[in-house]
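Below are the structure tokens for one structure; questions will follow.
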């Protein structure tokens, strides 16, 4: 369930700042960098929706200027004082924060979608592969509590390689913790929409990301529990190309709807009207 | 879903009163009639549990003298004034009653299992193949209401070829009617145990028989929705021998427990202790 | 269609069609003939359809051009956001559903999808749903309960899919569970039979506070052919069986199984999609509005009472 | 077991065994030697097991003779009525459950079944449950809720089964659903980790009001081998990873993830089934009794609060 193992098979976009080409992860086509960027990092050849930053996502979903962030200063704790071959986990998070400006793998807050008030969590893969740390879980739960208290819909946009092994068992416990928050929304009859983007795997797929009233995915997003290589070792054969894609999960009954990035905002708005109409 | 079509593949035991042999439906072995009868109509070779009358069943389940029958005089109505090639449905039911002493395909009542009070419904295949008529549904629902009112556990022992087409749509509606009764028991937290005996198919399998808190079956009972021949015509290939047996359903997750006829009473008692203990 | 009750109608229709084509050319003029034929067609149609036998109604209910669910969605609903999957095994195409808007009402829509093209029909199993389909429908009904949305359920199926895999994955369990859950679902359920109401496969999404039926649709415990081959030992006796089974809307209304008949245009739904859709929409909106006035507890109580009375004559 | 921390112990045990066999013959007499060796064994065992490294604990937790769920069922429970199936797809043998009686308490028991014989292990997938297993467990927990029975959940799994079919049928969904439902299940849940608590596969039945752990069991987000091969890029660094992951009972108690450690007999559970079973039984009965005193609403509130605090340091 570690995000590192996942990161290997979803290597970062091999784009150097000065490259004019981008190679698509999904279809391996080479695309003009400019074209790809202006297309919101969606491959014009195969429609693969690559990762985007939370800022980009926010701009696509939330009305300009309406976002108020929660727990902005909450930093990833280091409960295990974890040290591995490369050094201290605490140093790693600090360096990541310096590099990305992110304190954790999720940003939470409230905002408006076409004027409708929502609570929102957006995961960002740049922070340790979007892994599920104690800070991640805390923020996701705390936003759920806000939604519960103010009777607002809750939307979580996932992008994660899974658990964060540097926080050991406490990373695992975030699965239970976040699901407890979702369970309360379910009991209160409040909408919870899960948006699964590339990639949503491991512990995140096996917790809050999979229990939406509606599960929406972006085209070709990789979504699954176990890693592809682990599965191939288990079953001793190669997996089909579409295995663990959004389309595969749709066919197998776990995704309600696959939506283009550009249409996500409208889609969320339209769906939530079915709740807010009362 | 008609019981007639089913009856064909589960032809009545080819026993003439004067025969000393019985041929087992399941393994086709020839068994001494006396041995078979003293073994409660269970094949000593393959353990197939053949059909028994409600009187035999009652004796095996309910404490002697504790049974009080409900709706004893309720007779099968003829809502459609149904007439087929062989004549009037009303005549058919009358003749069946004369022959079997049964007014409907189910007998309901209250009684005791090792001193514990229960409400019970026992289907009897002799009455028009245990088909689900309006009288059947009425009695099953009415017994469920008694259980609800008196906060007692409810046990239904099914044996049915399915719907009773002579009552047309009203036979179908008994599926909804009986399930409504079971739904109320579920909501009230009252136990409902379903016992599936040979055969439980069609409309009965697709209603009250399949939604027990615990579904118990007798060994080798045929249980299924569609008829075997219909399925073979659909898929254009032969089905495995164990298809639609209790054992097959256990493997596929729909039966909790397969229990010998002789142990059914103790099994029901032990299970219901898990509710009555409070 | 072995039955040729509409032979005259079909002939008239094709002649009118021909003449209309010819009429396009400037050198000919068939206006009066067309008008004559159209009057005749109208008379014949009215006469024929006013006294269809049950077996003829079966033919109309199964007509290859009869509108299917996706037609109604396009014609009646202002929005449809399809939701997929049973969250367990698969996404059945023979049973579809999602959020939908009818008039100003937001609802959860579920229903069988028969398909019209061969490709569609294969994908949808001719509207015969699998356990995954019934489980998807139940999931959406539970969502309706949570979001306090009424459920509109469209029935049009020859029956639940009788395949080996459907049995293995619990066709019986899936239908039984739906019947049990629908009996106590805490939101209004409006059911409409638009074509074939085939046995347990229909009832599996058919328990409702209001059950409506198009005038030429059928609802039966078994197909007339199946019934005939068993009780008459002759599949050709299907017309007799169709009559005996009382599977037409007026009989079902009398038996208390349905609550209202929605009149189709003369000639059947397949001859006038627009008028059919209008009638369906009006009825659905009216019943939705009516049922939403009830307190939920009262609604569920009435639903229970209704089913408890079924067959109690 | 690459680690030979118990080499001396094993040697002593086998020598004692030998001498005892010889001692059966009348012509020899090794009583005093045996007694000497037994004392030494006891001392060594106590010393070794009082300061096991995390990696050594991993070895003990995975020991091939360590009691599995069916052993506990035989030793601890006065009755077990196994219930089968998820009512949807299958009956997973890697996850079992049913009605069970412990002392005078009636409960619903669920848990991973690892198996000991090769045949068993294949049947049970070495205690790696499939989606069907998690769904069966949830069904039984819902039954517990209805019958007002406490749930006892036994964890012993390397992880959820990582097969292609398990993915196709929704391993992620099944676990996620369990976590969500267990968070608000209206009956006491007592969890015990008896061997390996492997990641999401363990947590999938691991949300509880009381979470207990046998002293030589482990509970981790990833196997030490997996962690080492990723973070150390060398699977042989598993001992380092085991230490870093803090996967032993005392660490987990300190982190607030578990509520109590059940002390195993010196030498580990596999050396003394009876004493282990007694300790497990005592703890389970005690916590069941304690938790049954709460009002359900209060119990669920406390459960929520507990998980809401996880990792909030």
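Structural remarks
Lettered A, B, C and D in written order, each chain numbered from 1.
Please note the rule applied: a contact is a pair of C-beta atoms (placed from the backbone, for glycine too) under 8 Å apart; a residue touches a chain by one contact, two chains touch by 3 or more.
Since this is a predicted model, take the numbers as computed values, not measurements.
A count of contacting C-beta pairs for A-D and for B-D identifies A-D as the more extensively joined pair. For this pair, subunit A with subunit B, the centres built from the Cα atoms lie 51 Å apart.
One simple way to say how far apart two chains are is to compare their mean CA positions; for subunit B and subunit C this gives 32 Å. In whole angstrom, the spacing between the mean C-alpha positions of subunit B and subunit D is 42. Counting partner chains per residue, subunit A has residues 186, 252-254 touching two or more of them. Chain contacts: subunit C has residues 87-89, 169-170, 173, 177 touching two or more partner chains. Chain pairs that touch one another, listed by label: A-C, A-D, B-C, B-D, C-D. Across the complex, subunit A is touched by residues 160-164, 166-173, 175-177, 179-184, 199-200, 203-204, 206-207, 219-222, 226-227, 230-234, 237, 240-241, 244-247, 252, 255, 257, 303-304, 307-308, 310-313 of subunit D. Here subunit C touches subunit D in the complex through residues 87-89, 131, 135, 169-170, 173, 177, going by the rule given at the top.
Of all residues in subunit D, those touching subunit B in their complex are 79, 81-91, 99, 106, 132, 136, 143, 146-149. Residues 1-2, 4-5, 77, 79-80, 82-86, 133-135, 137-138, 141, 163, 165-177, 179-184, 186-187, 202-203, 205-211, 223-227, 230-231, 234-235, 239, 243-244, 248, 252-254 of subunit B touch subunit C in their complex. Of all the residues in subunit B, the ones that touch subunit D in their complex are 186, 189, 191, 213-214, 250-257, 267, 270-271, 273-275, 277-278.
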